[in-house]
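See structure below.
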Amino acid sequence: ETPVKFTLDWKFEGPAAGFLLAADKGYFKDEGLDVTIDTGNGSVEAIPRVSTGTYQMGFGDINSLIKFLDEDPSQKVKAVMMVYERPTFAVVGRKSLGVTQDPKSLEGKKLGAPPPDGAFAQWKAFKDVAGIDDSNITIESIGFPVREPMLAKGDVDAVFGFAFSVVLNLKAQGIADDDIATILMAENGLNLYGNAVLVNSDFAAENPEAVKGFLRALAKGFADAVANPEEGVAAVLRRNETLDSDIELERLHMANEMNIKTPHVVDNGFGGVDMERLGASIETLKVSMGLKGNVAADQVFDPSFLPSKEERMLP
Amino acid sequence: MTHLVFIDDVDMRYGGADGTLAVSGLTMRVEKGDFAAVVGPSGCGKSTLMKLVTGLHIPQAGTVIVAGQHVTKPVSIVGMAFQNPTMLPWRTTLENILLPLEIVEKHRHRLRAHRKDYVAQAENLLELVGLKGFGAKYPWQLSGGMQQRANLCRALIHQPDLLMLDEPFGALDAFTREELWCVIRDLHAAQGVTIILVTHDLREASFLADKIFVMSARPGRIVREHRVPFARPRDLDLMYEKEFNDLVHQLHGEIATARMAA
Amino acid sequence: MTIVTERPGTPAVSKPRALRISWVRAAPWLYTIGLFLIWELLVIALQMPQTILPAPSRIFQAIVQYWSPIWKNSLQTLFTTTLGFGLAVVGGLAIGLFIGWSKTIYAGLYPLMIGFNAIPKVAVVPILVIWFGIGTIPAVITAFLISFFPIVVNVATGLATIEPETEDVLRALGARKIDIMLKVGVPRSMPYFFGSLKIAITLAFVGSVLSETVAANYGLGNMMSSAQSQFNVPLVFAGLLMLAVEGIAMYALMAWIERRMTGWAHRSTMAH
Amino acid sequence: MTIVTERPGTPAVSKPRALRISWVRAAPWLYTIGLFLIWELLVIALQMPQTILPAPSRIFQAIVQYWSPIWKNSLQTLFTTTLGFGLAVVGGLAIGLFIGWSKTIYAGLYPLMIGFNAIPKVAVVPILVIWFGIGTIPAVITAFLISFFPIVVNVATGLATIEPETEDVLRALGARKIDIMLKVGVPRSMPYFFGSLKIAITLAFVGSVLSETVAANYGLGNMMSSAQSQFNVPLVFAGLLMLAVEGIAMYALMAWIERRMTGWAHRSTMAH
Amino acid sequence: MTHLVFIDDVDMRYGGADGTLAVSGLTMRVEKGDFAAVVGPSGCGKSTLMKLVTGLHIPQAGTVIVAGQHVTKPVSIVGMAFQNPTMLPWRTTLENILLPLEIVEKHRHRLRAHRKDYVAQAENLLELVGLKGFGAKYPWQLSGGMQQRANLCRALIHQPDLLMLDEPFGALDAFTREELWCVIRDLHAAQGVTIILVTHDLREASFLADKIFVMSARPGRIVREHRVPFARPRDLDLMYEKEFNDLVHQLHGEIATARMAA
């Protein structure tokens, strides 16, 4: 068996169900892999973990990966499978504070942003494509632990974050469903990809079969998570007993709906990318993240390990 | 009674009912103006006696009367000095000497207004013990002997009726000690204060005191009281005279017996 | 531990003595209960939502509800903490003796250590993760890094306070530096060493929890950060409470070890 | 600070003496330079990518390049730290004296403080932010919370080590508890108090940076966490370096104040 | 030369060229088996003299020869005892006494194999000083006087040719001090060891020594050497005899003069 250490983007929560199911149902084992899945500390931190070879594979934000490779193209990491076909990047506000589904409603508001947040990183590009005038917008730098409580208290009018985290956390804070306004950046002109499976390029070069097997198993895992979210949530709860299964189920539903089983995926299968769109998103990132122009799409994403399209269709 | 200190059949036990019985059946009288010395084997309760007189400890049985009053709380008419000078290192020598005035009821309210008088008084005392001009120095800038002199000044500043000295010269070398004997002798002569001196040094007791109380081993009580016959003022050369050595020899024998008995 | 004893005025054989001792015994419990009571009342009075500051009753409820994960994660944290603390003990003792060995080494390393100490260890954890992956190892190392400094400083201080006369006695016999170190330096610094363990162990907890928060699948730190991201604030506080309890328990253990191992220092005049 | 002096064998009037003193003086610089050299060589030898562990040369380059933000943020952090530290000084002194006042209070509060100390302050920051908003206030409070403990403990220890004879002298004069406290207790605990400031100030840095990382628009903590998310690792390390420098500088300042204010303690026999 | 200790025209300055000149032109000889005492005003360089003899300090000028060898590093043929007993509190009294054996080259390699012999020897010494059966106790379980006795045993365990005592009885009370005088007197008689005793107490010096060296004030040198005429063995009652007091009086006068000169 080939040992593979895999790092998630975040803790064991609903959206990680696909990975955990692949492990629990023996899909990895069937491919001759001995996979350890570790929690992560943000979809950005997964990238250096993989590039240094501490983890052979991981799950991280492809936009950050582009930025990472742009800083230093010699880094040994690339994406091999797209999981969030649309990024979960969102600005979530409260209707009672004057924020609606319309991005323009953010003008003149106070927005809370954790500096390491992936959604906030796209703000520059997003405000351009959505035509927001930010001259009256104040941005407060607030950490993850206080993001939703501050929004709930009304200290800020909207916050940046992953839709499925922020919305559910807001509900946990006692904010009513119909008070929450989610502005998904991908639905408002920001044409980016989201989180992808990463691999250490040295590992991929030495064990191409292992990587292929891993992705095959993963496709099955995600298919199961889409088909049977309850089973997915059970796998998550096995690893963290303190979670609330209803909330995780809802979180998984949201991820499936908004990010994983998107219309494009339904048509073209799970896991692949459109190289042109990826190239375009690199152009977008030049605006939002100030890329130097050191990377091209084919350096970032390597589709050669993907299983066939049939194996990648989601139920 | 005309006794300044009157101790009658006192028992004092430390640390509860089954603790150490430090003194038992202790009876002792000191008159106003006396210079009394207390000698005895180590651990016999000499320091305990001091604390009984000053009201730092209250006996379980017996009577302690100081200046006509039953002692039930610390009496503020005494000055004390210990072997360790216990000067506060963050105050100058002068400020150290003035410390009792900040505490004793009688003086604390007058201190601010009459500070100049008090300082003058302290400087008088400093001159008396041979420390003129050292008031502004810190204690740690003085030698051990000088600190002990300042300590005496502190014990005297509030003009106590009674001066209690617990082995004040134990840590000093022989010559400095003799110098301070003379200082104390002169203080006693000049100020007429009553002094009780606890000491291990029989020659010190014989040279300075009018009365020497010899204590038994623990539990301590007074086994013998000597009148010291030498005329005042006394000179250091007294110590090389035969009668002096005979007195010391006798005291020595008595304490040796008291130790044996223990 | 106080400047005033019950001597003045009261006879030394006093009945209330036994009573008073038991007050001192009871005080920690009374104060703890008092703290919880005030907290509870404050929460009720101010109508704090439990996602901001849960009442103690709610926290105890969370402890009962989540007892199984709390227990497992506590054990994990205790394990990493103890391991990191163990390393700090060995390493701190060694470095402390090494530094105390020479004035130059001391002068050279001391500022570096201060500088390192002023760096928040959270910043170091991601680097550790990159080298060692997540889980037990970075937590152990963080616990080590955060807790070895007081041990080093104390051991070096112990060496510095050797009486010159003791040294003279040995040197006059022809003792070499290493002899003095082994016969006097090491035992002499033991009370200081054991004294530092109490501080070191609490710091070790801080370190391992810190690292678990950022990089671990298990442990109280992980549990709390996951609960935090779920806004299960009572569970966060339950974790904090467990930490406080573990911290106090280990502190008491270290205090006990200190008393056992260095009884001579407390009974002799050498203690400060 | 070492058990061996240059006495044996060498004549007491020795030429190399001046030289040796300057070695001790130079040691901090030499060791620092040595550390950077080894680090640089290690990075080159292991071919570390700068996104993981940048070489010192790269860090210095980042310091020059980003000097303006580094400088501004450093000032902000220094400001919050100093403020929190100032509060800790006042509060720690007050609580220390209060605790040292009575055995019962001491027994009651001490375990609570240990428990609180075993709680990582990161966990407390979110609560502070919710109460006080982001920015300077939570940073100041975190710096305060993390740094007041050693001050309290030291002040209480100072009170506990008053010579009973000094107390007896005052008590025999009829001094009340408050007199003894003011005349002896407070000044007596000053060397311990000033001694604790050195530790407290480094902890205060840790606290304010911690809080800035979670919730602030300015400060080194905020700068480092944004740099981290930009993969600008040299800037992160530049921030850490600045922190270390500020920490050492404040430590030195506190050590200087300690020497100035409590000279008597070092010259008298009271300093152990 | 048959002198065990030969000090000739020695200058010793602390702390560099412009530091304190502690002794200057110091010349002194002690023969094997002698009991020498050194007295002098405080700070005159008595402890410095001890350190010169033991090789803890090397003089800037002059010659120090001990047992026929130029002293250039610590000589290991001496036993030392100070005023402060410096017992290691983490070792039992017996282990403290055995400490020198773990250090002196000659013994350290033999210690493990011959431990029993050495322990027997230590117990002999303990008996000699009146501490039989206290070997297993820790130093802090002993009184000050008992610690000082143990300290003497430690100084003697490696059978030094020379015993250096620097005010070993300064901190003790008068009675304990007299007891230890007798212990030392008997040790000297029984073991034939050469002893140099530094003291402030002129009676101690007169009672114990064969020769008394009087030092001048700093910078110290020997101003007078007395032969003590009293026959051995001496009894404590000697101290109440006239000749004894005359000797003490004379020494007293000499030191007072030396102090004045300073």
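Letters A, B, C, D and E name the chains as they come in the text, with residue numbers starting at 1 for each one.
The definition used in the following text is that a residue touches a chain if its C-beta (ideal position, glycine included) is under 8 Å from a C-beta of that chain, and two chains touch if they have at least 3 such contacts.
Note that this is a predicted model, so its numbers are computed, not measured.
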{"item": "Subunit A to subunit D, fewest steps along touching chains", "value": "1"}
{"item": "Among all chain pairs, the one with the most C-beta contacts", "value": "C-D"}
{"item": "Distance from subunit C to subunit A - Cα centre to Cα centre, in angstrom", "value": "39"}
{"item": "Inter-chain centre distance, subunit D versus subunit E - centres from mean C-alpha coordinates, in Å", "value": "48"}
{"item": "Rounded Å distance, subunit C centre to subunit D centre (Cα mean)", "value": "17"}
{"item": "Touching two or more other chains - residue numbers and ranges from subunit B", "value": "55-56, 73-74"}
{"item": "Contacts with two or more other chains, residues of subunit C listed in rising order", "value": "7-8, 52, 126, 130, 171, 184, 228"}
{"item": "Residue list for subunit A, restricted to those that touch at least two other chains", "value": "48, 52, 144-145, 149"}
{"item": "Subunit D partner contacts - residues on subunit C that touch it in the complex", "value": "1-4, 7-8, 23-25, 27-28, 30-32, 35, 52-53, 100-112, 114-123, 126-127, 130, 156, 159-162, 167, 171, 177, 180-181, 184-185, 202, 205-206, 209-210, 213, 221, 224, 228, 236, 239-240, 243-248, 251, 272"}
{"item": "Partner subunit D, residues of subunit B touching it in the complex", "value": "51, 54-56, 73-76, 78, 80, 82, 84, 86, 88-91, 99-100, 102-105, 138-141, 158"}
{"item": "Sites on subunit A touched by subunit C in the complex", "value": "5, 7, 11-13, 38-39, 41, 45, 48-49, 52, 54-55, 144-145, 148-149, 152, 165, 169, 172-174, 239-244, 247"}
{"item": "Interface residues, subunit C side, partner subunit A - complex", "value": "49, 51-52, 66, 68-69, 126, 129-135, 214-217, 222-223, 225-232, 235"}
{"item": "Contacting residues of subunit A [partner subunit D, same complex]", "value": "44, 48, 51-52, 64, 67-68, 71-72, 74-75, 115-117, 121, 140-146, 149-150, 153, 155, 289"}
